[in-house]
Amino acid sequence: MSEAPSLRGTWYIVPTPFDGAGELDPASLVRLVEAAVTWRVDGLTVMGVMAEPGALSTGERASALQAVFDANHGRLPIAVGCSGGALATTLELIGQARELGASAAMVAAPPLFRNVDQLPEYYRQAASAGLPLVIQDEPNATGVVIPVSILLAAATASGSRTMKIEDPPTPPKIGRLLAGNAELDIFGGLGGVSALGELRRGACGTMTGFAYPEILRAIRLRIEAGKSREAGVLFDRYLPLIQFEAQQVIGLGIRKEVLRRRGVFTTHRTRGLTASLDGTTLQELDELFDRLGMVPAAEPFAPA
Amino acid sequence: MSEAPSLRGTWYIVPTPFDGAGELDPASLVRLVEAAVTWRVDGLTVMGVMAEPGALSTGERASALQAVFDANHGRLPIAVGCSGGALATTLELIGQARELGASAAMVAAPPLFRNVDQLPEYYRQAASAGLPLVIQDEPNATGVVIPVSILLAAATASGSRTMKIEDPPTPPKIGRLLAGNAELDIFGGLGGVSALGELRRGACGTMTGFAYPEILRAIRLRIEAGKSREAGVLFDRYLPLIQFEAQQVIGLGIRKEVLRRRGVFTTHRTRGLTASLDGTTLQELDELFDRLGMVPAAEPFAPA
Amino acid sequence: MSEAPSLRGTWYIVPTPFDGAGELDPASLVRLVEAAVTWRVDGLTVMGVMAEPGALSTGERASALQAVFDANHGRLPIAVGCSGGALATTLELIGQARELGASAAMVAAPPLFRNVDQLPEYYRQAASAGLPLVIQDEPNATGVVIPVSILLAAATASGSRTMKIEDPPTPPKIGRLLAGNAELDIFGGLGGVSALGELRRGACGTMTGFAYPEILRAIRLRIEAGKSREAGVLFDRYLPLIQFEAQQVIGLGIRKEVLRRRGVFTTHRTRGLTASLDGTTLQELDELFDRLGMVPAAEPFAPA
Amino acid sequence: MSEAPSLRGTWYIVPTPFDGAGELDPASLVRLVEAAVTWRVDGLTVMGVMAEPGALSTGERASALQAVFDANHGRLPIAVGCSGGALATTLELIGQARELGASAAMVAAPPLFRNVDQLPEYYRQAASAGLPLVIQDEPNATGVVIPVSILLAAATASGSRTMKIEDPPTPPKIGRLLAGNAELDIFGGLGGVSALGELRRGACGTMTGFAYPEILRAIRLRIEAGKSREAGVLFDRYLPLIQFEAQQVIGLGIRKEVLRRRGVFTTHRTRGLTASLDGTTLQELDELFDRLGMVPAAEPFAPA
């Protein structure tokens, strides 16, 4: 484990932008990378669940990855979601990520994987593809519940030190994992809804797609500075938006709409069956912005 | 449907109090009923999922129900959770509830019920037991995902007009149900985490165990008065506590601890494997109370 | 572990008989116990999943249990299904079973139990109720997938030596468990559909509700005598009936119908929503009996 | 619906062969197509669940598909499994299948798709890609349970007439579907374990990967000729092999091993974590062949 790099801090999970015709929109991706740099995040994660990887063709996936790596040109470390339907495809995705220059590969259990006793071996083989792994525990997306004992064994078997835990309630699970192996770096996720509690239990950061990652960063910095109460006040203030974005199914569109309002994306389209948000949801977002005193950008985001 | 009574408003789901030895604590139940009356809730729901009905013996269930009905003596309408493992036990529970004088029986699908096409018939037969039904849609607790079309058919088949929807995201599901049958009365639940959105989409109220139901009531009254912004401000303010209580697994203990701090319960014990909250969780609650300006009661709750 | 008794062989899981009006039919239970003795099974299991415990009232459960224990009067060891919705109810059921004189309590994970890391502690506490446990691994009925590592830990924590494995494919899982702890006694179940493979991998027997348990016994005796081919021929011959009975949902009614044809039950009623088998299913069973050369009993079963 | 072609009979689902190094083995695929023609199946299905599509790279998928279409050169109709993770990828896969000359696209619900009310719209849009659909109901592989009412609505919305039902017990579900829409052509699957019952309830055939499809064909022909008893005798005789192959997880390797013994494949390798069968399983298969009087081929399969 000692050789694996330590990934920590506030990582931003990049969603995939589509234009008004539903096509991949690389220009928005470029703007997003620039914005993320100014937001001072510690890393980017591309092709996470939120990137709709299952809705992208192979060519689109490659284009989107290339656009992010090109725009970043080495400024931020990048983790790539490499969760295949089976080991063979996972290994192929990790190989591609390595060639692009990724810092890590994030790998969840294959969907509906039944025999979780085999997961340590699965991760051991995945690690052989040559990138540090982020072991992702995401039962909502995979249908696979993984016990703490198996996660610990998977980290040991694969020589991994990084996990992302999204099996709620996340704070106690993170606590149990760290009690079992204090050297682990464990990210919280789930849109940040439990970020405060996760950081309090020793999480190394938050890796999620909340569209104001600088807020999550500010919370983390206060926790790290021992200013718990200030962290809590900040978390409380923005929780309504964090939670509104974190809703299942419709949350991704909301998140893209926030990015649109920040001048980064040009549409909030997703590749769900209902590509657009309904009027009520948009109005709720208007009102939330109003109540929180948040102001949409006047013009497209551009680096200073 | 025209004959079924309309249940609406802010209903409070009663948790089951245990004393320091883990035994049923009827005195705390009595205090809770008195408190609920002063909180001006519109009804009580007993033996919901949150009451840990699966962890009570038959005798304890009967004692707890009796204690609530006795303490209430007709002041508030009472719905009783009557979800059995199969129709026969559901009918038996409804029969018991009717004898106690319940206003309604809340019935979820049996755990892991597979053939949801049979649910309309299930509810039709459940309705034959002589109480109005609250059709509860609670996939987290039952493992059963119920489509809107089946819920609508279940309401029609059983002559029911009341539902409680806890399949997130709840606001759009409530919207779809009302689009299909505008006469339905649909409660939100899930601890109130989406109460604002649910009420905005036409929910008739919130039926949940959040330990400050008067806050949910205040939000609802503002929505009903057309004061959306005020409702939103109130919701935002208390969302950190709503969400902290709504955590899976540990949320029930937190909720009981809040009731303890309000002078109503004497312990926060649950019948989960870990009966007590850990120190970190208690400290988080302390800090949350501090940040929100909430003050524990100086002495046990007593009606004025 | 050394103190726990060894349960082995062909155990028969007792279904609950209902009369034409759907009421509990104790006389059929008495006949069934007598029949099971003549079938030379090694033990009885009552209140397993197949007994429809979720569809029985508390009083019916007590009556059915009493009828079986009375009819048996000590001839066969009896295991009682004691799977409650939570530890408290499980302990209560075990206490009742112990008072009746049960030899063991069969306990599955509570429905939809999420944190399987807690199962060893769950079983440890369950064992404190004073009966040897049969640790039942039944994901179809509980929604809980349990890794081999956790099952082994549960056996150790609770001092249990007996398991019943119903997570298909069962033969390799039984092999992995015995590789981890060779002292375990592991029953197969699932209606016997994999009985041959289970016994080949070292299962101590079959515990299931197949309505001709003497066939499963004959297969086991041949395996134990090293006559694998004979065991296989016997298994092949009756597999069509084993599998027909083992169908999900409708299988229980089929099984009761076979008991009716054997002169033991008077109806095939279940407490499922569709209490009776349809005509096609009954005709399929007629044809199957015809093809296998099985003959319904001419008159009600009576001990010689 | 009148314009969609009628797919009926005994269809064979093609598994993907790998060589000793784990690489795609197109020569075995060619042999398999030739063999399937001599077995007189009514059609081929490629890239079904059994083909391990999640374990193939994009290039391997394309190569395997091309090899099958080339080897077949129009002799048999071919359905292609086109189940993507979302509509966009499903549409892309259907487009590719159409270009290859497929007769139909088999489409299951996306994994863990939650809102089944949207499935009729999903299939409506999938049908717009220009191939007749086989609506596949496969909850074990997808985690999605689909009610009969939704399946019927999906057929209507998409103008589809063909389904493949693998939600056990399949015979009554097929019966309910045909009661709702008598014009449907409904295949059974699940390795053929319920083929007899499915055909008795009106299934139009069996579409599965059982490695002796000519046996399933013979059963079907007897049912169609009104020779139920003969069909039953045949089904009973081979059920031990049908069931042995149909085991979850290890069944695919067994099936490939049978193809190896028939001279068609050169290895039984899968891309599961355990690529090879263990010795016990192979011995069980030896014994099963012995008991059933089946004889491995003396040399590689070659068309007459």
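A, B, C and D label the chains in the order they appear, each numbered from 1.
Please note the rule applied: a contact is a pair of C-beta atoms (placed from the backbone, for glycine too) under 8 Å apart; a residue touches a chain by one contact, two chains touch by 3 or more.
None of these values were measured; they are calculated from a predicted model.
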| item | value |
| --- | --- |
| Contacts common to chain C and chain D (chain labels) | A, B |
| Rounded Å distance, chain A centre to chain D centre (Cα mean) | 37 |
| Euclidean distance of C-alpha centroids - chain B vs chain D, Å | 46 |
| Length of the line joining the C-alpha centres of chain A and chain B, rounded to whole Å | 33 |
| Two or more partner chains touched - positions in chain B | 114-115, 248-249 |
| Chain contact graph, described as a line, ring, star, complete graph or other shape | complete |
| Touching residues on chain A, where the partner in the complex is chain C | 114-117, 145, 147-150, 153, 176 |
| Footprint of chain B on chain A - complex, ascending | 168-169, 171-172, 175, 193-194, 196-197, 200-201, 228-229, 232-233, 235-236, 239-240, 243, 247-251, 278, 280, 284, 287-288, 290-292 |
| Contact set on chain D toward chain A in their complex | 52-58, 84-89, 92, 110-112, 114-115, 118, 121-122, 125, 141-143, 248-249, 271-274 |
